[in-house]
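Next come two complexes, and both contain subunit A; in the first it sits with subunit B, in the second with subunit C.
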Partner chain A sequence: MTAISRRLTGARGSRQGMWMLPLLIALAVALWLSLETAQFLNGENLLNLVPQAMPLVITAVGQMFVILLGGLDLSVGSMISFTTAVLALGGPAWVLIPAVFALAALVGFSNGFIITRFNVHPIIATLSTQYILLGITRVLRPVSGGTVPDIVISAVAGSFLGVPMPVFWGIFILAVAWKLLYGSRFGLHLFAIGGGVSSGVEDAAHNFGIADRRNIVLAYVICSCFAALAGVFLAGRIVSGDPNVGLLFELDAITAVAIGGTQLSGGIGSLHGTVIGALVMALLANGMNLTNVSPFIQTTIKGAILLLVVALQSRKKMGL
Partner chain B sequence: MAAAFANPVMRRLLRVPPAYYVFAVLLVVLWVARPNMLNLNIMGIFVRQIVPLGILVLGQLLVMRVRSIDLSGGGVILLINYTISSGAFPGASMAFFIVLALAIGLAVGFFNGLMVGVRRVSAVIVTLAVGIVLVGIVQYLSSGKPPGDVPGMFADIYNTKLGPVPTPVIFWVAFSAALSLFLSRTVFGRYVTSVGENVQAAHFSGVPVARTVVLAHTLAGLFAGIAALVQTASIAVGSVRVGLDLPILAVAATILGGVVFGRGEGGVWGPFFGVLSFALLFVVMTTFGIDEPGKLIAQGLIILLAAIFYGIRQRSS
Partner chain C sequence: MVARAAETRARATEFPERSGACFVKTLVEMSDIRKAFAGTAALKGVSIALQSGSVHALMGENGAGKSTLMKILAGVHQPDSGAILLDGRQVAFHRPKDALEAGISTVFQELSLLPNLTIAENMFLGREPTTAFGGVDHRRMRREAGKALAELGLTLDPGTLVSMLSIAERQFVEIAHGIMTDASVFILDEPTAALNAADVEVLNRHIRRLKDEGKAVVYISHRMDEIFAICDTVTVLKDGELVGTRSLAEMTPAALIAMMVGRELADLFPQRGDAPGPAMLSVEDFRITERSKPFSLELRRGEIVALAGLEGQGQQRFMRSLVGQYHPFAGRVAIKGKSLPLPVSPGGGVRRLQAMGVGFVPEDRKEDGLFLGLSVAHNIAAALHSKRSELALAAGYQRQIADTMSSLAVKASGPGAAVGTLSGGNQQKVLLGRYLAADIDILLVEEPTRGVDIGAKSEIYRLLRDFAKKGGAVLVLSRETVELIGLCDRICVVHNDTIVKQMPAADATEHNILDAALGANGEASGAGGERR
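Now for the complex of A and B:
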């Protein structure tokens, strides 16, 4: 027992945040669903859960990198819609797919560049990016339609060696994110920069000789690219471009990250927590669909969860 | 670039909020492209349409001066529009609706204020989440279908004129003037300035920081309630989409008017002209045939460019 409480409060796990609590919540939600509805433990429903959760897992993991350094990226929802619209433009896959990621990297770079070089608050910078991207998406594709390249569809809907493709997506995402966060100097610097920001010393990491601007820009590029990856996945599922598919996705992603124990003020958080947080959100969405909760009230419930989670986190800074 | 910013004449010019320049440029563009549109009657109609935004901006500038933000205005407007037009209170008087709207606005604003000022939660996330909660409630209650009509008395008041100027416009100007006086003459106005300049210094000088932030948010909620009444009167029917793009426009107009987080040099009249710039911008874009996506891009670009403008200037000083 003391070992558990030390692990929860002690120095060793303190950088990871409270990720065990959401794990319990996830198990509780799953238990409730399996008792409440007969369909939940159905094999087909469980198989559907992975592709349902995947876009949110991908976006939330990307968002986590930015949140860890005390920032926020509100443009990921538009980025997802934009990606599906570009993929549905019609054209060879070997042009469209690299183009999508090049554009995402460009958007992420411009976010990071504006934030670090022009002293613009991350929320303002990404809020304006969100609107610019949404406008461009609506120009490209005013209503949903078009077809995405076949390779994207088979990469999402197909299976390899009898295992559905989304499982491989999940393994790939987790491997990349794990390497970036725990296996690279970049990941270590993220925690250093965010830890300074959250304790009120904005340039603490900079004073220790960490190239903070470069790392911040890189984090925004990663966040945008993960959002684009989620967009490719969604495009493969809906088989067309949709200007509204990413609507409010940024809030779901932020909620997932916050549920997973990552502090929105930066410096504290973990990859496994974020994945668990995204799974909690996906389980809730699945459960609300199975129990026929109105989609309109689902939005309200998600908003209320976000309010609750952020209200439970304490921080020093006031305002934005 | 830094040298140009250091020049005294340039510095004086840069201290003027960009809203005035944008307003002047747009006026010239319109004068060249469509000179016959620049008369008092047509302009009165265009400005009348933007009054709800103008009132929302008054609340937005208040919270942005204490380094906060309020994105829940769209949800408040939608909820109030729904309660008035749904016919849930048949035969209710005008005064009842006004009190109800103000109460809803005050309650939402007070909640935002508590979360931001006392719980110290990120203002963007709180107000965005409150906004979606309210939108979700309205969509659930109305099942996504537009509700009924607004009582006729709203439109009757909205359509009155004093000489050539529509009453809503006069109300807006008077309201702005009152807020301007309120901020420059009262203790609360001083508190707002000092909290915006430096939260810690304000705290150690005995300024009740949390109370100031809560009050600023409560007032912003109240103003959103008033904006909702004007908006409801202007469209005269119930809607499930009304006002959803207003919060972001309010942020854009406020930034354009020289009020950036904590810095209030644009006063009340800078954002006022920011709103007028947006009124003109929409007229200009409509005359040049630019539709909704173009307007989204323009909003985003304006926020971005104005924020970059302040960022560079802050660094060079």
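Now for the complex of A and C:
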């Protein structure tokens, strides 16, 4: 069992985590779908796949930052719903769009602050945030409705120079995340903090003189802002505010990160792995829809996948 | 910087004492350092001066304060009082990074590199060079790290993850880190504990190089042969106090051991028991690891037997393999004639042993032994409860609890007081009381008096002796040799995962225990090949 788990997630010689396997899984799922159903290879379905996967890719990439340092953010699902609700409040776009990101940064800051200063376990801290945000969202918008600013809709559904907008979103998100993770000291310090946590020496990075608390807070801010970005994208797709649109998104995002080879104990993982993990999840969802699997059973299957992936990880610290 | 260099020159001419080619000057002076942990004094006013171009051995028994002193110099701990002078200037280190920046590099027993970063990243962590675009300049990091590694004659790729390195290589990387930061003081805390003979040779070569370059090296080790092979000066600590500093040229191993011992047996201990009865616990052909030599041990009724030896020589692993916390390689264990299959399962080990009448008192009473937030009564009754079925109604056990508290003279406001509020000695009594209240007749005790004041120590010794006199048997593991001599009937000295010597405690002295524990008589000088 440990041999299997090491091969799946083991990162000897690299801290990228095992991302080859999920890539193979993604290809296998795509192959299965194209053999199983005629609709999969249909041009319209393939064109739909990118915008379908985009919110999960964005959320998962944000979640990855927090998981890399040995944390977890359960509040991203509520953050997404909250963002759509705020965007559907009605008002000028130049107020609403900056507002959702400012609020997301605030939520992320409070998550990080509570975790680092009051030593609250990340799961508990962000679970509380999840409920707090959920309540506020339901006050703002008890049922789905309202309309979001036109610019949000056209930024998602439109196209530029003949290229559909979601492609630009994808490039933008990956560029930002790549710069943060691999092109900055912050990214290296994330790995350092996570490496200390997962090897059981919480202060290791701190002892090297890294501002660990500040970096942790920043990671939670990034995670929340990415979730808000996913919320803006979703709002553009559904053209309204919906208090339930982000429901269980945190679970999908964590599963995607874990499938992509990122260790939930921290310190090991990669951006490309996370993107592949999110694509696997999106392909599975697409395939289950095409093969008429009940949405209720889909939730069960996703939960089982998370359990399986995490059980195969050589976990150490968080007890996850 | 210039001023400092000038001052250094001035100091050097002021003290024109020559040793070989370079000037000897005092790089670091620690004076009257005091440090207490949770009320227990670890250092009671220790002073030490480190000279350039010299390897300074730091010796003393376990718990003498060597590591604490060096952790203070490395910025891990802060002293309660005393001064650290660096090049004659007083400094204060608040965290390890401060010490590193001041030129003090440390290789600790427990390594401090991050396993998921590369060698180069570890060496530059916290002060990475950046490129024009604000990214980390990996190329420069690798180049400079490679240079530092090459200086040590290492051919490691700086892009290798530290998790891929052997322990020896990690230590060399830490030394290279020190070289790259231009450290002037290198602290090596038992660097050879995990090295094989060939790596020790390489390490010694590196140490001599550092010495030739005029660095000051502090070398903590228990191995006599190494100390005499590479060190120039030795400072001996005992019980947190300075015994003395000598030049090794004028010392012999015997004289050094005498320095480390030299203390009178305190009048703390109860009278020893009569002739022991039949065997309660017998261990045969026990091998802790694959490579260790087999040994046998018998614990008899009415007897207190000690496991002595230097830290980490296997005595704790042996004790813990009896309760299932460690998987030994091989051996046969019988408790009161009933054989105990090895390995003992970690889940049910302690519980099963309790059913057989064996109690295990772990070293760390706060973490492993007691439920600090629960009452004295709950803590004492825990072992009583564990003998009953899980679903049985909990019995009150008021009488047993009251009896235990009064017979052990536990000082607490009452049975309801939380154990965490008691003093260390009383906590330890409660922990012992748990097993004395249950019908236990074999006690396995780790560190019976750690962090306990002298009065309580004496009471605990009396309790253990009474327990043995009433027909129990005790196996004790302790870092304090004096305690073992005074308390026990027989002493088994453990070295290199095996019992190298058994002696009646009445004839034992700290000197001959330390002698056997250091492996000074024959066997250990040849132990180089045996090292793991």
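Following the convention adopted for this analysis, the second predicted complex is superposed on the first by the 304 of 320 C-alpha atoms of A that agree within 3 Å, B and C clash if a C-alpha of one lies under 4 Å from a C-alpha of the other, contacts with A are read in each partner's own complex, and residues count from 1 in each chain.
Assume contacts are C-beta pairs under 8 Å (C-beta built on N, C-alpha and C of every residue); 3 or more make two chains touch, one makes a residue touch a chain.
On a predicted model such as this, the values are computed, not experimentally measured, just so you know.
Colleague: Of the partners subunit B and subunit C, which touch A:S294 in the superposed model: first, second, both, neither?
Modeller: A:S294: touches subunit B, not subunit C.
Colleague: Name the contact category of A:V239: first (subunit B only), second (subunit C only), both, or neither.
Modeller: neither
Colleague: Counting residues of subunit A in contact, which comes out ahead: subunit B or subunit C?
Modeller: On the superposition, B touches more of the residues of subunit A.
Colleague: Check the residue A:G195 against both partner chains and state whether it touches subunit B (first), subunit C (second), both, or neither.
Modeller: second
Colleague: May I ask you to decide whether A:H121 touches subunit B, subunit C, both, or neither, giving the answer as first, second, both or neither?
Modeller: Only subunit B is touched by A:H121; subunit C is not.
Colleague: Determine, under the contact definition given at the top, whether A:I153 touches first (subunit B), second (subunit C), both, or neither.
Modeller: neither
Colleague: Does subunit B (first) or subunit C (second) touch A:L307, or do both, or does neither?
Modeller: The first partner, subunit B, only.
Colleague: Would you mind listing the overlap between the subunit B footprint and the subunit C footprint on subunit A?
Modeller: none
Colleague: Along subunit A, where are the residues that touch subunit B in the complex?
Modeller: Within the complex, subunit A touches subunit B at residues 72, 74, 114, 118-121, 123-125, 127-139, 142, 248, 251, 254, 264, 294, 296-304, 306-307, 310-311, 313-320.
Colleague: What residues of subunit A sit close enough to touch subunit C in their complex?
Modeller: 11-15, 179, 182-185, 187-189, 191-192, 194-196, 198-199, 201, 204-210, 267-268
Colleague: Using the touch definition up top, name the residues of subunit B that touch subunit A in the complex.
Modeller: It is residues 66-69, 115-117, 119-126, 128-133, 135-137, 139-140, 143-144, 199, 209, 213, 248, 251, 255, 261, 292-301, 303-304, 307-308, 311-312, 314-315 of subunit B that touch subunit A.
Colleague: Can you list the residues on subunit C that touch subunit A in the complex?
Modeller: These residues of subunit C touch subunit A: 76, 95-97, 112, 114-117, 121, 125-128, 130, 133-136, 160-161, 163-164.
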